[in-house]
Amino acid sequence: MKVFNTSFTLSTEERCEVSDITKLIREVIQQSPVANGIALINTLHTTCALFINEFQSALMDDLRNLAERLVPERGGFRHDDPRYSDCERGNAHAHLRTALLGRSIAVALSGGEMVLGRFQSIIFAEFDGPRKRDVTVQIIGE
Amino acid sequence: MKVFNTSFTLSTEERCEVSDITKLIREVIQQSPVANGIALINTLHTTCALFINEFQSALMDDLRNLAERLVPERGGFRHDDPRYSDCERGNAHAHLRTALLGRSIAVALSGGEMVLGRFQSIIFAEFDGPRKRDVTVQIIGE
Amino acid sequence: MKVFNTSFTLSTEERCEVSDITKLIREVIQQSPVANGIALINTLHTTCALFINEFQSALMDDLRNLAERLVPERGGFRHDDPRYSDCERGNAHAHLRTALLGRSIAVALSGGEMVLGRFQSIIFAEFDGPRKRDVTVQIIGE
């Protein structure tokens, strides 16, 4: 059994930004000695999300709009209020959106490739940018 | 260490439909040579979800109603607008519901059985049916 | 390859309560013989959630408020109506919140430690307390 652990850094440029990181993840997996097993992909942060869906431009607009409708950036949150929190970033919305969308995905590996459907992309959503973001990839298998 | 990889196809019959696939998954797991480890269950799609909860009829009505309230089928999404997207299915709501509920679950295996609580069922939610849907099961362990 | 399986019980005291269980999970992991691999942490229930985020008091208030706004405790759910369900707990909101937030997390292990970011805590959210709750930890690796 092999365990392969690596990480990389993303630089986001916008306050709220969605990107397709499937190719980056595929490159990491091709460097690993594991052909069959599981890849666990995590952000090491609490204000950006990681999930799988179709990466289509208009759909990503819809996703950002949904995030703003369910969890508005200016939602009057206590975490953004200096009376209750010493966080000065005003990023409660980013934490809560991340709690809803998740910050981790697990993907099966078979024959050295990720088992993904035709329209499935690995999507990284920045909700509190611009920032540098660490993504870890843990691969176990044989 | 063993890695066991299989898949099966579900045929959904309704536009929006929720079903309990615990027995199907259990049969797959009983065919695998792995007694102790992890089973990773994924759909290969972006408009149907997979999650664990109690499969009770009225609760599943509540879930469908919640999905419609948070992400209405006719929500005026850009992904459904021919000016911004060439997708002709009008299924943005299905993508967004799937992003909220998830399309993957991981379950521990112990002694050849899934470690699930008394009321925990593996639930498949079709949001863009009727369609044929592929579900993959990757089992690793010993 | 090693597989290590354990569980522990939490006693919650409030109807709706959020707690940081990172230390409890860390203790379990330190007792395991696995240094590098994956830890899969699950609740065995359908009305309490498990996820990773920053455990900051005001933010946890925001999370509870968001849960109540998206899925109100008195939301007129069918699961809470004796005509459609024999569940007498009035806990549909708890099921639905759990479906949104998830009941499982997977964390990479490296050198005997969980790979978590500086602000990442493992958070347990009780939505139908007070109750006793079982949490299982499955660790696989080497």
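By written order: A, B and C. Residues from 1 in each chain.
FYI, a residue touches a chain if its C-beta (ideal position, glycine included) is under 8 Å from a C-beta of that chain, and two chains touch if they have at least 3 such contacts.
The model shown is predicted, which means the values in this text are computed figures rather than measured ones.
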| item | value |
| --- | --- |
| Numbering shared by both copies at the chain C-chain B contact, with half separating same from different | different |
| Between chain A and its twin chain B, rotation from the CA superposition, multiple of 5 degrees | 120 |
| Rounded Å distance, chain B centre to chain C centre (Cα mean) | 20 |
| Interface hub residues of chain C, defined as touching at least two other chains | 1, 38, 70, 100, 102, 106, 140 |
| Chain B partner contacts - residues on chain A that touch it in the complex | 1, 36-38, 51-54, 56-59, 61-63, 66, 70, 100-102, 105-110, 115-120, 140-142 |
| Chain C partner contacts - residues on chain A that touch it in the complex | 1, 3, 5, 38, 40, 42-46, 70-71, 75, 77-79, 81, 84-85, 87, 92, 95-96, 98-100, 102-104, 106, 134, 136, 138, 140 |
